[in-house]
Amino acid sequence: MKDVQKFKDNREVDIQKVGIKDFELPLLIQRKDSSQPQIVCAKAKVNVSLPRDYKGTHMSRFVEILTEWQTKNLAGFDIKVCLEKIVKHLEAESGDLEFRFKYFINKKSPVTKNVAAMAYDCSFEGRIENGDFKFVLGVVVPVTTLCPCSKEISENGAHNQRALISVKVSYDEESQSIWLEDLISMVEACASCEVYPLLKREDEKFVTEKAWNNPKFVEDVLRDVVVELRKSPRVREFEVECEAFESIHNHSAWAYQKESKRS
Amino acid sequence: MKDVQKFKDNREVDIQKVGIKDFELPLLIQRKDSSQPQIVCAKAKVNVSLPRDYKGTHMSRFVEILTEWQTKNLAGFDIKVCLEKIVKHLEAESGDLEFRFKYFINKKSPVTKNVAAMAYDCSFEGRIENGDFKFVLGVVVPVTTLCPCSKEISENGAHNQRALISVKVSYDEESQSIWLEDLISMVEACASCEVYPLLKREDEKFVTEKAWNNPKFVEDVLRDVVVELRKSPRVREFEVECEAFESIHNHSAWAYQKESKRS
Amino acid sequence: MKDVQKFKDNREVDIQKVGIKDFELPLLIQRKDSSQPQIVCAKAKVNVSLPRDYKGTHMSRFVEILTEWQTKNLAGFDIKVCLEKIVKHLEAESGDLEFRFKYFINKKSPVTKNVAAMAYDCSFEGRIENGDFKFVLGVVVPVTTLCPCSKEISENGAHNQRALISVKVSYDEESQSIWLEDLISMVEACASCEVYPLLKREDEKFVTEKAWNNPKFVEDVLRDVVVELRKSPRVREFEVECEAFESIHNHSAWAYQKESKRS
Amino acid sequence: MKDVQKFKDNREVDIQKVGIKDFELPLLIQRKDSSQPQIVCAKAKVNVSLPRDYKGTHMSRFVEILTEWQTKNLAGFDIKVCLEKIVKHLEAESGDLEFRFKYFINKKSPVTKNVAAMAYDCSFEGRIENGDFKFVLGVVVPVTTLCPCSKEISENGAHNQRALISVKVSYDEESQSIWLEDLISMVEACASCEVYPLLKREDEKFVTEKAWNNPKFVEDVLRDVVVELRKSPRVREFEVECEAFESIHNHSAWAYQKESKRS
């Protein structure tokens, strides 16, 4: 049976990235507070470079290697070994691997201490290029923002809304690893108030008043997260985005920052 | 060239609905306040019944007939003629036609009277069955809701958020027609406050205070819309849905009602 | 602290459905071939009726009760007990509960017998009304369809594409329960060919030729599924939808059927 | 009334981007073959930099300026003037403006010459930084790809599917402008076959056989587009992505390239 992928190609195009997208698989994610991993439903995007001489890459190998990784505990940086294997088996010079998944954290309501699970969109992204591995950890954190302007100028009340704070952080060594749980907590502390899955009336009073006492524009949220990430010695690069689904408009307020500490 | 669709089928299944989905086309929608129609980008879903004897329907005919309708002004009920043609040309007993599109309405801010366009998801749906035509007009209206419980129990502030009120109304005669503009205005009046594309500071003060003085659960919004629709002599059936993207949770509060005045 | 939800309401609107939507939680789904449940990430929609006298329902109770159910094995019909508790604790006359989740099944490729996981969108839906419980099991199954007309009229080849077959089946008793695995297998057998997560070259030859030898319109797929469901003694009502993402168009071909065997 | 946005901020964070997202507005897009513009429904994302001293930007000004641009014909590069005004009025050093919209082109079927409209996702993106303006034109083009490997190894048939080719091109001068129509045509010629809104049987035979005679991996499609863009003297930078919704899998094959001719 012919291997069409190995046919010669003469268009002189070294392809930068080719692979598969939206491949779903279960994964075991290591937790901060438990020796038991969390089983998640992940979406994978994985690709490698392809030299000009070859017509195509071997797509089924991506699936074979990812499938082996379903039963291993992953704590973010561990995707390095998986990606190294992919790059090697596909005889490539560079490659990318990305897993996106919902990760549950039990949240305790602020006053009555009722516990329920809340889902966060998280991601592990890795890239191998020239033998170097770069890792990016990502979280998307829903929060409340309360508008300082609206509060200041109005006799009563202030518009507030759900917002999403997206943060991606890069670090260079496994020893620098940051837990999803810690990154999420840090981010939640930068909003007007956290959101919760379960709130009884005493809790609702608390979060309403906390947001009221803590008004923040998307600019304020962004700056508070940036200040925290600048201080963190583990973080080498970061990207922050805050999108507030304004309750007085049908569009979003949005702010973005990307910084690198690499020399 | 063989007409495979006309092949005999012996599985004894009269198909209820077969056709095309997610077909995009430009349409001319008649406006309340202008003789000039609004050009919109619509998504069509159209289908007919297919008797047990035939293997398949003729999909290209749907596209041909829809394409003819691109240049005609449509005011909702007018899709009756288009659907009648579809049902006739496909020799069917019943058929459905649905157009979904964004419709822009110029909104004036409440204090400074600044004008900007705001987009609403709208739909025209028709069904022919046993020779009868039924028409459904749909709008999805973004608004603000402010929580009465949060206001009552908190020392200051009250959580509020963007919400969507979806309304579908049926009427039997062209003479009963309701303008998109009128249905949207009626719905907006049932929320804690409307949302606007453009608000200067004086406007922001106004909407913040209006929502504060007008707290509503999704239950309240739903009931207020239901009361209005019960009163409308033109409306024969209606469906109302209110979804509030709670600013203190990562999930929605949701309420739903469907009523018919048909005997 | 006042219970605003219990305030009297005088608008004379008995609300049909009010509750929460898009609430995410982990669930344990019972498998056909294992005593170990599968842990999934589910999206819940749950609601109850609310009599005209009360201003609002108690949203936090939905979350409390759902949270208790996170640690119980669920095999579809079991959501009856959860929904009964919800209806009782909210003192309601009727209620709905819906869980949607990705469910993984290991699929073996047809020739080389390579195994990898494939995700299917599944749902459990229940409704209590007048003391009766109705259960609906849902699956969305990706498959291949190959066009009989294109094959017949062309000298070589035939257009084919990914399609989604969505099936919902109702049954009345726990003893009538149908496994997700069995419903999915039945549906896959009705397409031109199944799709797989992992295919080596020998497998790719097999699926290409199988689809070629098995051309089907969306009408054919729909009819084959309908014939199977009519035969199944357990199924009391069903709904089938087939959407093919045509490879020669930018829109879908679509067919739909709903049948009931209830007298 | 206080201008809270002008309050001093001391966190020492110069914000890179702050503005609004998902703002919908009608726009007039200039066509290649008509003096009449096409009216589209656009989604805008617009933002500016904000120096460390200021607490917030003035969000309503974005809406005011965009609203002025609703009545002007836009041919891509023209967004420069709009963005210059935004950057000036918000006293910013840099800014971004992005419009995304569906653009209709009438397509004639290959044999019977039947005409119908087809919608393409298009975008105009501009950035002003250090006084320089950079423009990016984007199109997303649905096409057919037919797998060379499947064709080679199978006795009959070959799997094929809908794919999306996304292309972004940058140019530096208005005189270098490229029409959406021309970019789309060039891209369509690089696939196994184009897709069409309306195909009669003679046309369906034609496209089936054309794809059969023109098998292409995502790698082939990508390379053919890259070769074309390398040849175009107007293009200074480009980005190409090809995603094929494999008819034999539930995931996509995907390839990506980004190149710059800037020295």
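Per-chain numbering from 1; labels A, B, C and D assigned in written order.
By definition in this document, a residue touches a chain if its C-beta (ideal position, glycine included) is under 8 Å from a C-beta of that chain, and two chains touch if they have at least 3 such contacts.
What you see is a predicted model; the values in this text were computed from it and never measured.
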Just to be sure I understand: going only through chains that touch, what's the smallest number of steps from chain B to chain D? 1
Taking each chain's centre as the mean of its C-alpha atoms, give the chain farthest from chain A. B
When chain B touches chain C, do the two copies use mostly the same residue numbers, with over half shared, or different ones? same
Using just the Cα atoms, superpose chain A onto chain B and tell me the rotation angle to the nearest 5°. 180
Check A-C against A-D and say which one is joined by more contacting C-beta pairs. A-D
Gap in Å, rounded to a whole number, between the CA centres of chain B and chain A: 35
What is the distance in Å between the mean C-alpha positions of chain A and chain D? 26
Approximately how many whole Å separate the CA-defined centres of chain A and chain C? 29
Shared interface positions of chain D, touching two or more other chains: 1, 23-24, 118-119, 149, 153, 197, 199, 201, 205, 250-251
Tell me the shape of the graph of touching chains, choosing from line, ring, star, complete and other. complete
Of all residues in chain C, which touch chain A in the complex? 1, 3, 23-26, 39-41, 60, 63-64, 67, 70, 102, 104, 114-119, 197-202, 205
List the residues on chain C that touch chain B in their complex, please. 1-2, 4-5, 9, 11, 13, 15-24, 45, 47, 50, 55-57, 59, 148-149, 152-153, 217-220, 222-224, 226-227, 243, 250-258
Would you pull the chain C residues touching chain D in the complex into a rising list? 118-119, 142, 144, 146, 149-151, 153-162, 193, 195-197, 199, 201, 204-205, 207-209, 211-213, 245-251
